[in-house]
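Paired with chain B in one complex and with chain C in the other, chain A is shared by the two complexes that follow.
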Partner chain A sequence: MSYRRFRAMFVKELHHVTRDSLSLAMALAMPMMMLLLYGYALSLDVDHIQTLVYDQDGTTASRNLTRQFQGSQYFQVAGFVNDYHSIEHAIDTSHILIGVAIPRGFGKDLANGSGKVQLLVDGSDSNTASIAMGYAEGVVQGYSAAVQHDVINRKGLKPPGPVDARIRVWYNSSLESKNFIVPGLIGVILVILAGQLTSLTIAREWEMGTMEQVLSTPLRPAEIVLGKMLAYFVVGLVDAAIAVTVAITVFTVPFRGSFLVLAVSTCLFLWCALFTGIWASAGCRTQVQAYQFGILVSFLPGFLLSGFTFSIDTMPKAIQVLSYFFPARYYVTIVKGVFLKGIGFRILWVEMAFLVMYGTLIFWRTVKKMNQKVA
Partner chain B sequence: MRERLRVILRKEFIQALREPRMRFLLFFPPLLQLIVFGYAVTLDVDHARIAWMDMDRTPESRALRARFEGSGRFDVVATPQSEQETQSVLDRGQVHAVVRVLPGFARDLARGRATEVQVLLDGTNSNTASLVSAYSQQVIAAFSTDAMTGQTKNQQTIKVEIRGPGAARTMLTPATPESRVWFNPDLYSRNYFVPGVAANILLMVTLMLTSQAIIREKEIGTMEQLMVTPMRPIELMLGKTLPFAVVGLINLLVITGGALLIFHIPFRGNFFLLIFCAILFLMTSLGAGLLLSTLSRTQQQANMGSFFITTPAFVLSGFMFPIRNMPPVVQYFSYLNPLRYFMEIVRGIFLKGVGVTVLWPQMLCLFVYGSTVLLFSAARFRKTLD
Partner chain C sequence: MNGNGWGVEMHDLVKTFGSFVAVDHVSLQVRKGEIFGFLGPNGAGKSTTIRMLCGLLTPTSGTASVNGLDVATQPEEIRKSIGYMSQKFSLYDDLTVEENIDFFTGMYGVPHEVRAQRKQYVLEMANLTDRRSAMTRTLSGGWKQRLALGCAILHDPPILFLDEPTSGVDPIARRAFWGLIHDLSETGHTIFVSTHYMDEAEYCHRIALMYRGKVIALGTPSELKHGLDTHFLLNLEASDPLETMRALENLPGVLDVAIFGRGLHVMVDALDATSTRIRQALAAKGIAVQSLDRITPSMEDVFVALIEAEERKAA
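Take a look at the complex of A and B:
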């Protein structure tokens, strides 16, 4: 390992990066695009659920229940209809998400204690549907409890105290999706970028025939891959800085932890992600292949198995185990922890240790693969 | 013309499918996505892990805990004894929420005073947090109602003697919500995601492979050779796009098959309508691939460029995140996105079983979009060849 040879490789690769200004511009614009898209457009928050009410009863009781829906911040009663068909049509055309049907005799049944309310829910988007259904059932139960309280009171009995759930949310008290999505997205951005940039780097030299020239120099495999990696490392760090700055300033995501922990982890993670790309590239002779392979090993796990939006602990065991083999999982945990929870090295050292292990392993594999190709 | 077209199609098919490794990379990742989205990706919360902090220690507080555990939605995995432990289980992400029953819970309940149960949620994942919040409110509301009914039952002995118009009301049960879920009654995330995967893959495969195939010829210099043959630009274009249209359609078939056989996703609509709409959509994605190939010089640029097209298309299609939750401006923006229309069509055909009568606006949009993009990029492509 010689510093001079390694530096020569680094400078050569840096020239490749800066010469292709279009690619470089896209690489630097990528974090902005991803953050703006995901930060502004994506929201898992469910409110203003469009609702139709079909009141077959038309009594004070049914009107009171309707008023509960109108008063709730989660529902927006879009109108009243007089048959099931209108509800059906509105759900078919996705104009409403939920239909509330209050059957004839609801008021009387309520007095007998057997009141029933029908909720018709469009389940195609299961997530929104379950949240909406939860809220709707909450409204009906709340109404029911109030009615009961009244009845017991009127009979002159002393009702037991109502139990309220007092919900307090930590780390993200307004439960905004952006606070949850944006920090994890930083990890996804880096993993995609690393895959995009590096997966072609060695395959391109093979395809264009310049690999022969590189190999005829006294460069050793370790120096080749390190030099290549470092050139993209610079781009990756700039992107990480952009992403973190935008997250804090534009999206006002709370940053509660230490910059040092974030910086060290980012460097570790970039090392892992870039070498994963180079490793993928070293095994392929054409760029098309290398790119597809790069997507397979960096993009898909980074996006799906990192816990960025889909929590890992609801996945089947086998897939949970699989997620431990990709570094994105650890990095996303670190970024979210540092941003939202403000936790530091004391809790996150496990994830960082895994990154170090993964980094060492993938570097060793990459050098070995280069050796095989050279021989 | 037919002879030349046959020749170039043959060449392109061989080039695309020659290597076993390439064949693997063309058909395996879509399958993998299907499997991961089908099995792994879920926004549902089945068993939320909670910590139980009982500061009351009475039969009532234990009854509440039994309610939580009996609901099938919560697993009590920790019982912290102090504020510090609470902090620690949340910091480490060991639990989704901590339920805290304060001292005096049973006393307040008995005296008819309003009482509270504290639920501390880990808001890091706002989606999980909202679900856990809604579920725990339901459990507590049900407990509260039952506590009241229980009370009336206990006093029934007195009640019977009173005898009066109110006697019938002694066994009071609350108004109960009956939820009916349409289209996806079990509320499986996979029913929503898997059909969407088909739409996504079609875009990714055709856009990327088309542009790469053309740029590659330019980059390694074989484009010169193609241009000295009697091949006309239109034939070259067809030759470069049709094989990937076929690959895309095969992927669509594979994914649809997998969705039906492995995941038992309902398929309520017409299969031929799906294929027809896929072809309408291919006009756009292949056209975009051609366009991209005229804009970039290296494969790296083509790859990055395709990423810049697919990501907004993906995010604004409603694939993962419902469009109705987006800010109004962004919602209008999403009407410019052809993938949005195709996504609505695919889901409509799979889950709702709707046909042309409902889907014709989307189909019309795809057709207009597709023919515009295709004509424009064909004109540009012809120009760059000269």
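Take a look at the complex of A and C:
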């Protein structure tokens, strides 16, 4: 390992990065674009659910139930209809998510102790549907409790006190999905960027014939990959800084942890992600091949197996195990922890240790792969 | 560090790719300070041999040494003492002339105190002093080629491997390039150069002709030209060249007839016997022979003859 050869490689690679203005602009604009796009568009919050009411009863009781839906922030009663067909049509055309059908005799049945109401839900988006169903049940139960309370009161009895759950939500008290998505997104942005920047770097040199020239000099594989990595590391750090700044200022995601913890783990993660890209590139002789392979090993796991929006805990066991083999998972956990929970080295050292292990392993494999390609 | 005096030495060197034998038991020795030409058609195995000597390919069998260092066991040391110019232009297009030089200066670990001097030398040698800040991709073929040579000799290596350095370069730039190679040889550098331009053989001290992975001839250019005992070249001037050609084409002992300027070049297998037969055949047709003389064949004639002989042997 020679410092001079490593430095010459690094300087040369920096020239490539800064000369290729289109790629550089893309590399710097991408984190902003992705944050804005995902941060605003990808909202998992369900509210203002469009609702139609088919009131066949037309009594005070049915109107009271309707009013409960109208009063809830989660529902938006879009109108009243007089047949099932209208509800069906509105669901088919995606105008509404839920239809409330109150049967004839609802008021009378309720007075006799067994009121029934029908809820029709568009289940084609199962996630949203189950959330909406939960809210709707809540509204109906609230109404039924109020009715019971009323009856008992009127009989002059003391109603049994309802259990009141005092919920305190930690770390994301307003339960806004952006607070959860944006920090994870920082990890995804870095992994995609690292894959894109590096996947072509070695394949390009094989294609241009420059690799052969370079390999006829005393340069060693470790110096090649370290020099290249460090040049992209600089770009990655700038991107990370942009992403964190946007998260804090534009999205006002609370930052409760320490910048030192975030900086150290970002460096570790960039090392891992960049070497993954270089490793992918080292195995390919053409740029097209390298690009596809790079997407396979960095973009897909980074997006799907990092836990940035898709919760790993609910995935099948085999896929959960698979996610441990990709560094994005550890980094996303760290970023979310640092941002929202304010936790530090004492808790996150496990994830960091995994990043160090992965980084060592992938560096070793990359150097080995370069060595094999030489002869 | 190198007692035997050979710059490059190889013994029974073989490289196979699957069932294809690219280099077939090649044995050669190149003296220090020699310009050694490696000639042959495309695909003859020249590049493969050079790449094995530079440590870019592992030989299938056989041994080779460069500057007294063994190719199989001391590749790292070899890389410090060679300069290599690959067939394809392989400097960085998006770097300036100076940045390319700086990069290879770092690669070869040129000592600090001579760095500026070596850079100046290379810029002057390549005539690029005024274009040091030019982007490499804007240079024309001849400049690029000289810059590539310059980058390969930054560390003043005792041995240079040039793989078809002049392909795709105009004749004037080619001549200038060979001038540079001669200067390097004068200062004691060993130069191992491959080409498929037969006329360039004349610039070399010794040449090897490679064909289908084998060396089929080895010697100085004049040895090769005069050493053919089955091929002799005659220059024939006669009154009617076309009619003459027709008369000679099927004459026994005539190997090849070609129009050359105002006369004909006739390749024959025996000097006196066939000359007599040619005169008789032309006299019979009433064609007047103005002159019929033996001339020195060009390198191209020699190589065509050697390759044809090789193919007859194989058939």
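Note that the second predicted complex is superposed on the first by the 375 of 375 C-alpha atoms of A that agree within 3 Å, B and C clash if a C-alpha of one lies under 4 Å from a C-alpha of the other, contacts with A are read in each partner's own complex, and residues count from 1 in each chain.
In this section, a contact is a pair of C-beta atoms (placed from the backbone, for glycine too) under 8 Å apart; a residue touches a chain by one contact, two chains touch by 3 or more.
Owing to the predicted nature of the structure, the values given are computational and were not obtained by experimental measurement.
Clash or fit: chain B and chain C on chain A?
Fit: chain B and chain C sit side by side once superposed on chain A.
First (chain B), second (chain C), both or neither: which does A:222 touch?
neither
Applying the touch criterion given at the start, work out whether A:367 contacts chain B, chain C, both or neither, answering first, second, both or neither.
Neither: A:367 stays clear of chain B and chain C.
Return first, second, both or neither, reflecting whether A:282 touches chain B, chain C, both chains, or no partner chain.
It touches nothing on chain B or chain C.
Quick check on the superposed pair: does A:2 touch chain B, chain C, both, or neither? Answer first, second, both or neither.
Once the two structures are laid over each other on A, A:2 reaches chain C alone.
Of the two partner chains, chain B (first) and chain C (second), which one does A:15 touch, if any: first, second, both, or neither?
second
Check the contacts made with chain A and report whether chain B or chain C touches more of its residues.
Partner touching more chain A residues in the overlay: B.
Which partner chains sit in contact with A:208 here, chain B, chain C, both or neither? Use first/second/both/neither.
In the superposition, A:208 contacts both chain B and chain C.
Between chain B and chain C, what is the tightest CA to CA spacing in Å in the combined model?
It is 12 Å, taken between the nearest C-alpha atoms.
Do any residues of chain A touch both chain B and chain C, and if so, which are they?
Residues 20, 208, which sit in both footprints.
Across the complex, what residues on chain B touch chain A?
Listed in rising order, the residues of chain B that touch chain A are 19, 21-22, 25-26, 28-29, 32-33, 36-37, 39-46, 49, 90-93, 108-131, 133-138, 140-145, 147-152, 155, 159, 166, 168-169, 171-185, 187-189, 191-192, 208-209, 212-213, 216, 219-220, 296-301, 303-305, 307-308, 311-312, 315-316, 320-322, 324-327, 330, 347, 351-352, 354, 358.
Okay, in this complex, where on chain A does chain C touch?
My answer: residues 2, 4-5, 7-9, 11-12, 15-16, 19-20, 208-210, 212-219, 374-375.
Quick check: in the complex, which residue numbers of chain A touch chain B?
20, 22-23, 26-27, 30, 33-34, 37-38, 40-46, 50, 65, 91-93, 106, 109-131, 133-138, 140-145, 147-149, 151-152, 154-155, 157-173, 175-177, 179-180, 192, 196, 200, 204, 207-208, 284, 286-289, 291-293, 295-296, 300, 304-305, 309-311, 313-316, 319, 333, 336-337, 340-341, 343, 347
Would you mind writing out the residues of chain C in touch with chain A in their complex?
Touching chain A: residues 51, 54-58, 76, 79-80, 82, 84, 86, 88-95, 99, 102-109 of chain C.
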